[in-house]
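As C-alpha cells, here come the structures.
Two complexes follow with chain A in common, the first pairing it with chain B and the second with chain C.
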Partner chain A sequence: MKRVDVAIVGGGLVGCATAWRLSTAGASVELIEAADINAGASGQNAGSLHFQIERRFLENGDALAEQASSIVALSRIAVEDWRGLETALNADLHVSMAGGLMVAETADHVALLERKATREQREGLKVRTIDGDAARAIAPYLSASVLAANHSADEGHADPRTVTPALAAAARAAGATIRTHSAVHAIGRRAGGGFTIAGNGFSLHADQVLIAAGAWTAALCTLANLHMPLYPVALLMNATERTAPMVPHLVQHVGRRLSLKQTHAGNLLIGGGWPSRLAQLPGGGFDLSRRATMIPDSLSGNLRAAIDVVPAISRLNLIRSWTGVTAISADQLPIVGQVPRMPGLWIAAGGSAFTLGPTFARLVASAMAGGPSEALDIVSPARFEHLNGFMG
Partner chain B sequence: MADILDVAIVGGGPAGQAAALHLAGRGLDIAVIDEQPRPGGQILRQPPASFTVPGWLAGRGYARLKHQLARFEALDDIRWLGGCSVLDLAPTMDGLSLLAATPGGISRIRARHVLVATGCQDLAVPLPGWTLPGVMSAGGIQAFVKSQRFIPGERILLAGTHPLQLIVAEQVVRAGGEVAAILFAQPRAGMIATAMRHPLIALRRAPDLAAAASAMATLRRAGVPVRFGAPLHAISGMDRVTGAVTGMGEIACDTVGLCYGFVPQSALPRMAGARMHKAGPAGGWACAHDHWLRSSVVGLSVAGEALGVAGAAAAAAGGAIAGIGIARDLGLFAPEQAERMARPHRHAFDTHRAFAAMLDSIADPTGHLPRPDAETLLCRCEDVSFETICGAIEQGGSANAIKLATRCGMGACQGRNCEPALLRLLGDVGRGDDPGFTARFPARPVAIGDLAESG
Partner chain C sequence: MSGTRIPGETRGAAITVIVDGAPVPAFAGETLATAMIAADRTAFRHDTRRVARGLFCNMGSCSECLVTRVADGRRIRACLTEAADGLEVRTDG
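What follows is the complex of A and B.
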C-alpha cells in the first residue's frame, strides 16, 4: 500500500497551502479532495483580507470580544504572509493591500470602534480611529452618514478564484500528489502509529493526517471517532456588474453586516455575513451536498447596508448572488492544531481562513515537522478536549 | 393583489395563454407575468400598442395562434403583469415565491401553483468574428421584423442548420429587405433522408412543410440563393460585419443571422431546484415532468419550449394540459373529468412533439457548428477566449470549476449563452455527463437600488 508522510483531506485554501508548505519542506504528501480543487468556501468567499477584529466578535458582549481579540496576534502574522505570497508562488493572485476602513454610522457604533481600536493597539495591530470627514478624505465614495472609521493600512483583498489553484499548482510542482473527485470515507488508526485513509478506489498509509475539510470537518472527525465543535453556516455574496475603479479599499461596518470591495475585474463584491438557508436532510440535519438557498431579507438587508455606506452602488446592476458554506466553531475562533488524544491527527478549520489560511498552513506544516507551535496555542483543539473524554 | 395567488403563470406566449384559458372563469386569483409589455410570446411578438404594423403576421400558419391570443386578451379575471421580469423562483412552505422587477419596482409574488412557460432562446454560436456588430441570431432579426417592421441590415446572410432560417428569410424579403444567401451547413440529402424516415409524422404536419416550401418558393422568386452543405467558417470585418467566409467562398454582407437551433429558457426551474435533463441536440436543459407537466418541485409546472423546444402548436397543447392539471390539483376538476378534458390536447401534444423530434434531427447542429479559433470569445460577457477555456478543460474540472477558474458564465447573462458551448466542449472530451452551471439569482440583471427596497 502507498505510504506518505502526510495525508491531507480537503482541497481548499488550507489544505492546498499546507500541502505546498509540507512538500516544499521535503515531506511526501497526498491531498485528497472530494470534488474539484477550490470547490468549497475557498472559491466562494468574499476575498477580504481583514486584519481588524471582525464585527461578529464584537456583537456578543465584551467578554467574548475580549477572548476573540487574541486572534489579532495571528492576524498580524497573516499580514506578512500575504505580503510575501505572490512572490513565493510566483503567481498573480490579485492581492491588493491598499487599506481597509471599518465604518460607524451611529454614536453607539463609534463607541464600539473606539473600544475595538484600543484592544487592537494593545495587541500591536496598527489601527487608527478617524472621523467621518477624514474617512471621506481617504475614501470619497463613502456616504455622509459615516461618522467615524477605523483605518488599517494593511487590509485589502485577493482573488479567491486564483489563490487556491495557485497553491495547488505550487504543491504539485513541489512533489505533492493531488487527488480530486475522491471523497475520504474512512480514517483508521494503525497499530504502532499512523493512519489508514481510504475512499472509493484508493487507500493509503500516512504517518500524519490533516483534516482541512472546511464545513465538512466535523463529519470527517467522526470518521476518527472524535467530536469537533464546528458547524456549517451558509452565507450570501453578491456581485455587481463591472464598473470603473471606484473603491480601492476593503470597506466593512462595525455595527451592520457589510463587507465591500472592488475586484481587479471591476465588479463590486458585497457580503458581510448575511445568512442563507442550508439544505436539510429529511430526518433532520444539514445536507451539505445541496446548494444553500437565499433568504430574501438577507438580500435586501445586505444591499441596503451597501447603499447606505456607498451610495453610488444604488445605480449599479446586480448580476449574481450566490451562497457559500463555511465552518464556525463553538467559540468562533478557528480550530487549528494537533488533537491531543490522537497524536498525528491534525485539524485546521473554522474562522476566516481566507485571510488566515496561509498562516495556518505555514504554522501547521512547521509544527508537523516538529517545529515550534506556540503561535497556534490560542486556536488549538486542546480547548475542546473535554468533549472527547469518551471518544477517540 | 391577493396575499397568495392561486396560480402565477410566467410567460404570455402560446403555452401561458393556453393554460390561462383553461384556468380562467373559475374564481381563481391568477396572474400572467411577462417581461414583454404585451402578450404573444416569441412567435406572436406584438408591436407596441402605440404603433400599428400593416398586415402584421398575415400568414395562414398564425391564424390559430392569433385566435388564441385574442381569446386570452378578452379574459377579464386574469391579471396581466406585462413588463415584469421574474428574477427568482423558490419553493416555500405553501407554494412558491417569485421576485419580479416591475415598472414600479421590485415586487414579491407568492402563489400556490406556478407555471413556467418562458419559451426558448436562440443557441448562441461562437465563431471567429461573432462579436462584431452586425452579427445577430436569426430569431433576433425576426423579432425586429415582427415587432417593428425594421430590417436590421442592408444585406443579410443567414447561416446555420435550422429550417427556421427559411421563414426568417421569407419575412425579411416580404418586408422589402435583401437576403444575400441562406446557408445550411448540412447536406440536403441528409435532411431529406431524415424526413423520409418519418413519413407519417411529416404528413401529419403538412401545413408546416407547406410553409417551408412556400418560403422556398418566395425566396427563389426573389433570387435568394439557398445552399446546402455550405458551412459558415468565420465572419469578417474591422469594426462591423463586411462579409463571411463560407464553404461557398467569401460572401459580402453587412448582417449575419445565425440559426443553429434553440435552447429552453431554463433559469427559473433550475433556480427552484427542479430536476432537469438534457434538451435537444442544440443543447440546454429541459425540465423533467410527469404527465400533467408537473416538475419535481411541488406546485411547479412547466409548459411550452421550457420543456424542450417543439414549436408553437406543441407549446399551446402543453399549456392546456398543464392548465387542466393545475385546476385538477386545486380540486376544480375530478380526476376523470380532467383526463377527459386533456385527451385531445395530449393527442396534439404527442403529434407535435413527434414532429419536433424529427425537426430536431433534421436541424441537428452536431458536427456542423463552426469552429472557434484560439481568440474567439466563448463568454462575451466576461471576455473569456476559447483558448483559455480549453486550458481549463484540460485541468479536468467540472463546468462550475471552469466557471470559477475562468469567469466563463459569471457575467450578466448568467451563462445562458456560453453554457451550451462549454458543455459541448466537455462532451467532446468524454465529460458529457456534467450537470452544468449552478443556477444563480438573478435571472436578469437588476438595479441594486431597486432590490434594496424589496425586503
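What follows is the complex of A and C.
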C-alpha cells in the first residue's frame, strides 16, 4: 500500500498551502479532494484580507469580543504571510494591501469602533480611529453618513480564484500528489501509529493526517470517531460590473453586515456575512452537496448597506450573486492544530481562513515537522477535548 | 452571429437608434439588442483584454450585452432595454 508522510483531506486554500509547505520541506504528501481544487469556500469567498477584529465577533457582547480579540495575534502574522506570498509562489494573485476602513454611521457604532481599536492596539495591531472627514480624505468615495472609521494600513484583498490554484500548482511542483474527485470514505488508526485513508479506488497509509475541508470537516472527523464542533453556514456574495478604479481599500462596517472592495478587473465585490439558506436533508441535517439558496432580503439588505456607505455603487449594475458555504465553530474562533487525544490527526477549519489560511498552513506544516506551535494555541482543538471524552 | 427579421410579421413604427454614432433601424417594441443584431452589430462590449463580447442569454442574466447609454453614461443591458427613437449607445466599454 502507498505510504506518505502526510495525507491532506481538502483541496482548499489551507490544504493546498499546507501541501506546498510540507512538500517544499521534503515531506511526501498526498492531498485528497472530493470535488475540485478551490471548489468550496476558498473560491467562493470575496477575497478580503481583514486584519481588524471582525464585526461578527463584536455583536454578541464584550465577553465574546474579548475572547475573539486573541485572534489578532494571528492576524499580525498573516499580514507578513500575505506580503510575501506572491513572491514565494512567483504568481500574480492580485494581492492588494492598500489599507482597510471599518466604518460607523451612528454614535453607538463609533463607540464600538473605539473599544475595538483599544483591544487591537493592546494586541499590537496598527489600527487607529479617525473621524468621518479624515476617513473621506483617505477615501473620497465614502458617504457623508460615515461618522468615523477604524483604519488599518495593511488590509486589502486578493483574488480567491487564483490564490488556491497557484498554491496547488506550487505543491505539485514541489512533489505533492493531488487527487481530485476522490471522496474519503474511511480514516482509520493503525496499530503502532499512523492512519489508513481510503476512498473509491484508493487507499494509503499516512503518518499524519490534516483534515482541512471547510464545512465538510465535521463529517470527515466522524470517520476518525471524533466530534468537531463546526457548523455550516451559507453566505451571499455579489459582484457589480467593472468600473473605473474608485475603491482601493477594503471597506467594512462595524454595525452592519458589509464588506466591499474593487477587484483588479474593476468589479466591486460586495458581501459581509448576509445569510443564504442551506439545503436540508429529508430526515434532518443539512445537505452540503446542494447549493444554498439566496434569501432575497439578504440581497437587498447587502446592497442597501453598500450604497449607503459608497453611494456611487447605486449607478452600477449587479452582474452576479452567488452563495457559498463555510463553517463556524462553537466559540467562533477557527479550529486549527493537532487533536490531543489522537496524535498525528490535525484539523484546520472554522472560518476566517482566506485571510488567515496561509498562516494556518505555514504553522501547521512547521508543527507537523516537530516545529513550535505556540502561535496556534489560541485556535487549538484542545479547547474542545471535553467533547471527545467518549470518542477517539 | 447575425440576425434577420422574419418577413411578413406585423411590427411597430419604424424608429432609429444610434449605435457608436451610426443610425440603426429598429421597430417600436423591439429591444435594443434585437435592433443591433439585426444590423449585424454583434459586439456589445469588451473584456479586460479588449476582446469583443456579445449577447449570450438574451434574458438579463449574463450581462454580456451591457452597452453605455450616451445620455447619462450608465451601463444598460441591451436585451432588457426597449428600443426608443433617438436612443444613443456606445459599445466601447
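Going forward, the second predicted complex is superposed on the first by the 392 of 392 C-alpha atoms of A that agree within 3 Å, B and C clash if a C-alpha of one lies under 4 Å from a C-alpha of the other, contacts with A are read in each partner's own complex, and residues count from 1 in each chain.
The rule we apply is simple: a residue touches a chain if its C-beta (ideal position, glycine included) is under 8 Å from a C-beta of that chain, and two chains touch if they have at least 3 such contacts.
Remember, predicted model here, so these are calculated numbers, not experimental data.
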| item | value |
| --- | --- |
| Clash or fit, chain B versus chain C on superposed chain A | clash |
| First, second, both or neither for A:Trp322, with chain B first and chain C second | first |
| Contacts of A:Glu241 with chain B and chain C, given as first, second, both or neither | both |
| Partner chain in contact with A:Asp297 - chain B first, chain C second, else both or neither | first |
| Partner chain(s) touched by A:Ala68 [first = chain B, second = chain C, both, neither] | neither |
| Partner with the higher number of touched chain A residues, chain C or chain B | B |
| Touching partner for A:Ala265 - first (chain B), second (chain C), both, neither | both |
| Partner chain(s) touched by A:Ser314 [first = chain B, second = chain C, both, neither] | first |
| When the two complexes are fitted on chain A, the stretch of chain B hitting chain C, from 132-140, 186-194 or 240-248 | 132-140 |
| Residues on chain A lying within both footprints (that of chain B and that of chain C) | 241, 265, 315-317, 319-320 |
| Contacting residues of chain C [partner chain A, same complex] | 48, 63, 66, 74-77 |
| In the complex with chain B, residue positions of chain A that touch it | 35-39, 43, 161, 165, 180, 239-241, 265, 291, 293-294, 296-297, 299-301, 303-304, 306-307, 313-322 |
| Chain A contact footprint on chain B (complex, rising order) | 88, 90, 97, 99, 108, 273, 382, 396-398, 400-401, 404-405, 407, 410-412, 414, 438, 440-442, 445-449, 451-455 |
| Residues of chain A that touch chain C when the two form their complex | 241-242, 265-266, 315-317, 319-320 |
